[in-house]
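Presented sequentially are two complexes of chain A, the first with chain B as partner and the second with chain C.
Entry: the complex of A and B
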């Protein structure tokens, strides 16, 4: 029977369901979904084209890996076989079944170190096979144990659609106060970078001394800013899962490994970045699944000897998000990075869904399990200002995030801050930058701009700056060789001694190099927390990190909580 | 090897500050605001010494992170390179940026002029693999 006949109104058009219309109009139906298309790599983790795991060692060298002989290794296979996998452990580790290894991952009685003793011998295809035996609950259980640093933390984005440094300094100060331990910015106009990076640094040290800052740029430029001490870490050093795409991205595992050591040689913390879906997006997935290719990236990072990896699809989240089990694959990639003992900055940093329910579901695994940096990063401004094309979370979600922390007793790295404190820190940061700009002969920041940025929500609320003058100023920063130490002097000279001391303390860290170790961050007292002295010791109920004491009390505070002492009043 | 042990010696900056020096021989405790203002401490003092990177490599080894330790040992060698030269070599390692001869010349320079055998090995390895995989220049 035709549908028209069933509807009984042939010739007049079928009646439609009111409910269907309401569902049709739901935001989730604006999201993009596609059928799996394995030939181009549009499949999350279940592709017949992925290789079967195998390994063969001869004279201490891996000569066969995942079905390929060494003569046929592409440069990624070569790099992984030579550097990422422990040849003296691999044959024994690979002899374990994927299910046995998955059991080790989720069994709290098997320590993280015991798991790593095995994972260091696993090939990409084997790690994929392990992940395929696990559902998301099992992955989350494993992630809770395999996260490198005991204390979870969070990273924010502090950008401006106008690359307005006055906005960025205020946002960085507020973001630091709210609890982010790392901040990241990027530009609409690349040449604005010096001013925006300076603003982020000054803002961060005003909000909470010890927050680390990065400016995402082209590789050589980003390294240059780091060398000057205007930024204090780097992250967007990207690696890719097929040789063709890596070359398209104008790098190789060797150039990236050299770059990684370059950062360390200047005492600067760094991590690589990768993510499911990048190879599909760049048209070179070689018919493999997204997760298989991402696992190759994870092992490239391991082989290069970087301390950590940003992954969780990152900017490509719309790609795994479009296919079945895509978000499960994203949890898997965070888990696998942690399983090979890398710090994991776990995505949740790119808008991909119109549905509030869906974008919440997307971050829950990392939030509930805890990762080294749950978001990488959370837009601390409204999304229209986020120059990473919008994050999964933005400034308008702060109160929801804090409620979820309180609801679940889960530490998501943030806290509620009363408005008066926020306004004060935004104003102080803007005045500090005004002082720095004046001291460094940069285009001035007016008192009017400061007043507006204190109360602003986003760049639309702010007066325009003279962009051409700012760009000349930015160039002069580079030409004059201005460094982080010059910022310290500028802050001290213009009456912001405490901010200057904070920045000096962060710069001093690069002499000691303690921030180079796995998952290292600074707390509010400038103590290092790293997967060395704050190693994850989760071993089941009652163990590991749980928010208690002062931190739990802090997490209980929200914008509006009724007082127990006087139900007519709100708690202060 | 100084026999560092992460439990007692990390963070180096707070537990073993006496082991850490700046390029001009200062201690961490000498890097104060006063010293910055008098010019006693300059930007070059905020750089890590190769010895410190090798100590961090020991910590990484003790934490069973051999690749991280190797990274630190390469970076210890690279402290001797100028910022400019570092960026030049990085760019030379990008796909189709260099001929095999150019990469091998860089490796020789690293080994002979900068006492950097580990970095030289990375570059030689790249030259071999790039040659096999067709990502050298011309």
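Entry: the complex of A and C
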């Protein structure tokens, strides 16, 4: 091609090839990509500005960390040095090379416990150096071993763009039936929270007893709903990797640790949230790489004594997603959280790409390796209803997810449920909420609303509610001091004894305190599955969790599978 | 997953040009029928358009027109001390004789503030810069003017697009970082005279051999 064809005529559009035009129109080109800018922290994990690892202990106290002396520690260094790193093992652990530690991570002959004996002595810069020696496949091998709970699971989002509690109760019931072990909601109008949180709880316990629920809100309200037993866990307690960004939110690691202890005092499960990209997005990265700052967050969570962390960039995924090796850094975040013995709810929870190929590639590392909660969470509604601004996966992807589980024989926590069961559970949940609202003198739910929500896909298919009346009702829940036990009474009194019993069994866990164990979830029989009684025992081929038996039979079922006995029929 | 109708990138080139002439430190307005627009450090100078390519000249023109059509006066000030939208909007509100201010960042993120509100509160916030078009800027100006008159306008719907993140989040970070380079700490807000003129569309660039 001559230069004239390449450059085009001056004043006219340059001629482009038909192939370029087809590529130009591919969805992936709607995604945003930027060059690295390490000086301000716009770099995933490989920056000359990150510190070199070092540690020095005097009289059982860490007095130097990653090239900084005690007197020069910022409050995050101080918190990590005092609370997150074991001074009795750190010098021995730090003496190992990054490559040696990375080899330990992927070697199936070296147990998870042996790795943790070392990882508890590693500084942020050392953990970064370890991650930098690993490619994505090595990280996945390590993640498979380092995940705390043996059985992987999944978390769903159940929201409504109209904050419609009738929608949320039905979505939560369906999501619970489909296999999510945790459900999370949030609001468009924050004042709606008590009604929607109640709807999510009633729906979850209708769909499958023992599913845990949370409502992401401003921290004081979120804690209040947890203490009342309207929700059963919490996750949106955010921490940051630089002092400036922390202070911008009027917080410190100590204030976050105090909040964590408030949840623990009531036996309520909780985890922190962090992720690559948040500091640079707020212009406060202090020239450090995204992964280095995220490792500081991971160790803040460790130091605060919380059992787990939601990470994997989360709401900032557009930032690491736009720079080179950004998604590798996101896998590294999950791996490091698991490596320091935290439960990891591993992201895949925010709209990430216009390209179906790219968003699938995004979740494969966590999906194939298995994490404590692969998505945190998966939108169990259409994405337009997902009030976390959309997830990487939504209700329209359910069948794809189920097929991938079956193709790979990998347990992603979900299952195919026949239409009749879904319609039945949506209807039952909506009627249960109708009973609860009536018993508690809250704005009524009509039979028409119930009929519509059974068959709906999202909020666009539902009749509008009287928002002002609902908001008054929501306020009255707070004013009257309504708790989870009142919901149990309401369910029992209105003929939903089984749902009442499920909710009571979940609330009883607050007294037992077992949900405070690392990676705790409840199975369908209200047994705790946690790192203490369902510890990950992966030790190479032939070991660890593999879907077999009844679970594998369940995973084989899809919407359409031909019967082998009679190919004119579908298998059931 | 449903693909939403993602906002198309508008690389608009305006038919107008913008001159922002500095006229000394801004002072608190004495008339109660005014709205003050506070612009960020690099608005209309290093940057000439919002994140989606809406020209700053047209953004200001629509904001001003929205205010003026309500019979309210508008002043424009530049804050060079901060790129924090809440700070810019609140400062504009405190300089405004009516107590109503509009803050805007180069990328387009906009907020209506009132001088007695807490900094992190606001009257209206438009957090997703890629969704703000010229019509919305005009409505924002109109609402700000109505607040200045003591009225209670229906808030302008801020819009929501769940695919805005993959497309625009990294660019927003980049624009924010770039804007931060223009911060001059400790400087006072500066009063600006705004000159919007039609561009000579017929003129052809002269090419010298």
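Everything below uses one rule, namely that the second predicted complex is superposed on the first by the 559 of 572 C-alpha atoms of A that agree within 3 Å, B and C clash if a C-alpha of one lies under 4 Å from a C-alpha of the other, contacts with A are read in each partner's own complex, and residues count from 1 in each chain.
Note that a residue touches a chain if its C-beta (ideal position, glycine included) is under 8 Å from a C-beta of that chain, and two chains touch if they have at least 3 such contacts.
Note that this is a predicted model, so its numbers are computed, not measured.
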Once the two structures are overlaid on chain A, check if chain B and chain C clash or fit side by side.
-> fit
Partner chain(s) touched by A:97 [first = chain B, second = chain C, both, neither] = neither
Touching partner for A:303 - first (chain B), second (chain C), both, neither = first
Of the partners chain B and chain C, which touch A:483 in the superposed model: first, second, both, neither?
-> first
Partner chain(s) touched by A:135 [first = chain B, second = chain C, both, neither] | neither
Residues of chain A touched, compared between chain B and chain C (which is higher) | B
Partner chain(s) touched by A:509 [first = chain B, second = chain C, both, neither] | first
Determine, under the contact definition given at the top, whether A:563 touches first (chain B), second (chain C), both, or neither.
-> neither
Figure out whether A:16 sits in contact with chain B (first) or chain C (second), or with both, or with neither.
-> neither
Chain B and chain C, closest CA-CA distance after overlay, in Å?
-> 15
Contact residues common to both interfaces of chain A (with chain B and with chain C) | none
How about chain A: which of its residues touch chain B in the complex?
-> 74-75, 78-79, 82-84, 113, 116, 219-220, 223-224, 227, 229, 243, 246-247, 250-252, 254-255, 257-267, 302-307, 341, 483-486, 488-489, 492, 497, 500-501, 504, 507-514, 516-518, 527-528, 530-533
Please name which positions on chain B make contact with chain A in the complex.
-> 6, 10-14, 17, 20, 22, 28, 31, 33, 36-37, 41-43, 45-49, 52-53, 55-56, 59-60, 63-65, 67-72, 74-79, 81, 83, 86-87, 89-91, 93-96, 119, 122-123, 125-126, 129-130, 133, 135
Sort out for me which residues of chain C touch chain A in the complex.
-> 1-4, 6, 83, 160, 162-174, 176-177, 180
Could you please specify the touching residues of chain A with respect to chain C in the complex?
-> 27, 30-34, 37, 40, 42, 277, 280-283, 315-319, 321-323, 350-354, 356, 359, 382-384, 386, 389-390, 393-394, 396-397
